[in-house]
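Structure provided below as structure tokens; questions to follow.
Chain nomenclature is as follows: A, B, C and D, assigned in order of appearance, with residue numbering initiated at 1 for each chain independently.
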Amino acid sequence: MKRIYLDHSATTPVDPEVAGLMMTYYTEKYGNPSSVHGFGREAKQALEEARKQVAELIGATPQEVVFTSGGTEADNIAILGTVEAKRNKGKHIITSCIEHHAVLETCEYLEKNGFDLTIIPVDEEGIFSVEDVRKAIRPDTILISMMHANNEVGSIQPIAEIGKLAKEHGIVFHVDAVQSFGKIPIQVNEMNIDLLTISSHKIYGPKGVGALYVRKGVRLIPLIHGGGQEKKRRSGTENLPGIIGFGKACELAGQRMAEDAEYLKKLRDKLINGIVERIDYVKINGPLGEKRLPNNVNVSIQFVEGESLLLSLDMLGIAASSGSACTSGSLDPSHVLLAMGLIHEIAHGSLRFSLGRHNTEEEIDYVLEQLPKIVERLRMMSPLYDQVLREQKQAQ
Amino acid sequence: MKRIYLDHSATTPVDPEVAGLMMTYYTEKYGNPSSVHGFGREAKQALEEARKQVAELIGATPQEVVFTSGGTEADNIAILGTVEAKRNKGKHIITSCIEHHAVLETCEYLEKNGFDLTIIPVDEEGIFSVEDVRKAIRPDTILISMMHANNEVGSIQPIAEIGKLAKEHGIVFHVDAVQSFGKIPIQVNEMNIDLLTISSHKIYGPKGVGALYVRKGVRLIPLIHGGGQEKKRRSGTENLPGIIGFGKACELAGQRMAEDAEYLKKLRDKLINGIVERIDYVKINGPLGEKRLPNNVNVSIQFVEGESLLLSLDMLGIAASSGSACTSGSLDPSHVLLAMGLIHEIAHGSLRFSLGRHNTEEEIDYVLEQLPKIVERLRMMSPLYDQVLREQKQAQ
Amino acid sequence: MYTEKVMDHFTNPRNVGEIENADGVGEVGNAKCGDIMRIYLDIEGDTIKDVKFKTFGCGAAVATSSMVTEMVKGKTIDEALVISNAAVAEALGGLPPAKMHCSNLAADALHAAIKDYHDKQQIKE
Amino acid sequence: MYTEKVMDHFTNPRNVGEIENADGVGEVGNAKCGDIMRIYLDIEGDTIKDVKFKTFGCGAAVATSSMVTEMVKGKTIDEALVISNAAVAEALGGLPPAKMHCSNLAADALHAAIKDYHDKQQIKE
């Protein structure tokens, strides 16, 4: 069976060029960058080369890049490390209601430990307002942590404006850019970002690697203590092959970003328009056009449940994801969709297609051919659809 | 130039079988284990398979294995997670003076934050005494964290006895087994270990992966918050290819352990005996025989400095490591050698050769041929050697 | 995640549909939680002659609904009453732990339908 | 880590050895810190006619010792006195940041040797 992967926001395949490079570092150039000998020195040099590649993509200096085990750890270092360093300055944190769990759970952990949390709402497109953030700022605000683009609905946030605000008030500004990094431009200086979380496995790099950009002068207490690697900011033997893969993936992302974005927007809009044309009672979640990530499609399909949709798609080889509670093991559907004002039953029936570089028009055509049939089948099974059927009958 | 790698305690090459398997997961089976679709399910299955492979090597159940980004993170989770969970029970921690920085720095961070630390000394062989631990136990002791085998001098510790003691007193017992794991047998139940740190890149697996064994029922507050992976004990998208590589490396280690150990002991003793025969004024650090890791050689060479030795060896393609301060960027030489009673100038002149599966007798012969020449050259340059030369002259 | 049997029942659910003027109809769950199951019973004497279901929910919800209809068709009411959610899950070869609780309500829907039948009977009497 | 020039001076150190009955001998560092440098001077008039060194220490310690001996050979004492540790490091194409502080003492050893020479001269006078 042909497999169509439309879940690139969950994770991406590793680019073959990246994987090939990594292999060399697994089996031949396997030195520990801390070692004095030749193996160690070649490792160290490759490590610093990768640091440059990452820094370049966000307009940072290499010294400001701290490698981590992924986006989640970077978010944790940023938030926990800042509040630990600023403990005496205040205990108020601002974040948004559509953050990834890596940010939200961390902030809630802090709230349980005596910190004050203000959670900024979003509008129906999933975008938060600069004005709301301005109003939330208090004299004891020590951190603003807000994402650049949302992982579920692809909404791009007014980060530069919030950066300006944070700077004016001297508040540390952390941005989770895991989903936007490598897809749309990010410039930490222009955007006044102090801490930026990025992750490798969302941009055709390996899993298990990420980085935190730490603006020169911004102090963080480390989360992980030990040998003092990464200038004492993150201890542990460096995941060198992973880091090198990440560096290479950044280089490739920089080269391909514009072209990829244009191509993905075409596919994205084809899929969005096709769904709206072919299926009744659907709602596209998130903004349309330039405020949306080039690769994100999110749609709520009324009267059916997300996991059933996913399973049905999966049986045809189509891999997507859903905001349904059933796919996350939690009781509630996507906190992002709920925050955007969707009611539970609609949120349960949502699908996310996240496109990637290797997807084709034919694949989109196939999805557009199959999805209506799946929806029809599930709706015929759904007690919620009875009402619609009855109305249709009456109208005839 | 032929390169001879004798620094396996720093890191190992990845076994080609392991690396090959990982490649598949980078480029083909790249799903996120949390995803519902086929890509996700095959990832999830592989993840659980790897968990079994790791568990098997330590006599644990798969559910007790939590994957981390490496040994350092596992040490941090074990220590910080335990004290956070036991905060109300007490604030006394017992550790040893020869622990890795991942343990020592973490404990010292806690000491700065109000915890009490007892650091158990070692004897001149680098082994701590069960009696000392017994005496250190207080009613408010919440954690004992002690290593299984030392990374510098290869000394194997009386872990089972300390485990018994910890159990008698109801104290959580954490063991850093990064250096012993895969080299000598470990059984978490027989040894009464509650938390065990292991790392992949020391056993021919990839860097950037490790695990913490967490005995069923032992509570830990997570260090990294987020999506709730690893049964909420360690959030973040799983480093699946890394984990799979680690699993495979564990399987191979299990199969090869006895044979490897026998072979390595032979090489080890050949190197130790060769050095002692060929060079004056040397001291083997750490125990001889069964209390020493099969692959560890550590020797102090008087009147010369470690980094100079390393550089000289490196120019001949021989990769080793040293307890010299100069190789670590710190001011003091190895805290382990100092704890064993070596004076600074002797500790500065120490070399560690850590052997691996692929080393040969010929390689050892080459080292034994070259090392005396290097030492001779450096000693002729050393003001500390003048005294010896003068005495030699007088004796003539 | 799901057993083959679950996937079979999800892909080819048995007895989907409605029974017009059913002798008993039971509905459990709610859309907010993402699971609604409705079961229709056609009863003659003490025997369940026909049974249909409609379900909004995840794979487990659909499969358990389908399974329970297969289990009760042709059975007596008393036999149907002893069928538990656990028994349905077991008949499917088990469910993932996360699903045992939330989507495993098909027996409840069945029992609600039987109760509805009894209620209607009482009114008739 | 080290520049080629450092490695060259480490591998082929210039002027290793002692000068018997040297006019000035200077020693800095101590074994505890892992670095000892001893410099011997042979001085005629105001000129450093010969210079030798012995060093216990890391690569940087050996290379800076070697470098400083090259820099002063044939120079006057006044010229030698203005050579700083930083100048020695620079002549080697730089040192790793971690080494700038701890192992970069060769100029100090040189100055100690010159001081020793002056002290001896005073005694003679």
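Rule of thumb we're sticking to: a contact is a pair of C-beta atoms (placed from the backbone, for glycine too) under 8 Å apart; a residue touches a chain by one contact, two chains touch by 3 or more.
What you see is a predicted model, and the numbers here were worked out from it, not measured in a lab.
Across the assembly, the mean Cα position most removed from that of chain D is the one of C.
Looking at B-D and B-C, the interface holding more C-beta pairs in contact is that of B-D. Centre-to-centre separation between chain B and chain D, using Cα means, comes to 39 Å. Rounded to whole angstrom, the centroid-to-centroid distance between chain A and chain D, based on C-alpha atoms, equals 57 Å. Chain C and chain D have centres, each the mean of its CA atoms, that are 91 Å apart.
Residues of chain D in contact with two or more other chains: none. Chain B has residues 36, 307, 311, 329 in contact with two or more other chains.
Every pair of chains meeting the contact definition is listed here: A-B, A-C, A-D, B-C, B-D.
Residues of chain A touching chain D in their complex: 36, 41, 44. The touching residues of chain D, counted against chain B in their complex, run 2, 7, 10-11, 13, 16, 18, 27, 31-38, 54-62, 98-99, 102-103.
Listing the residues of chain D that touch chain A in their complex gives 1.
Chain B meets chain A in the complex at residues 3, 5, 7, 10-14, 16, 18-19, 22-23, 26-28, 30-32, 34-40, 68-73, 75-76, 100-102, 105-106, 108-109, 199, 201, 206-209, 223-228, 235-242, 307, 310-311, 313-314, 317-322, 327, 329.
Residues 303-308, 311, 315, 324-326, 329, 331, 333, 343-345, 348, 380-384, 386 of chain B touch chain D in their complex.
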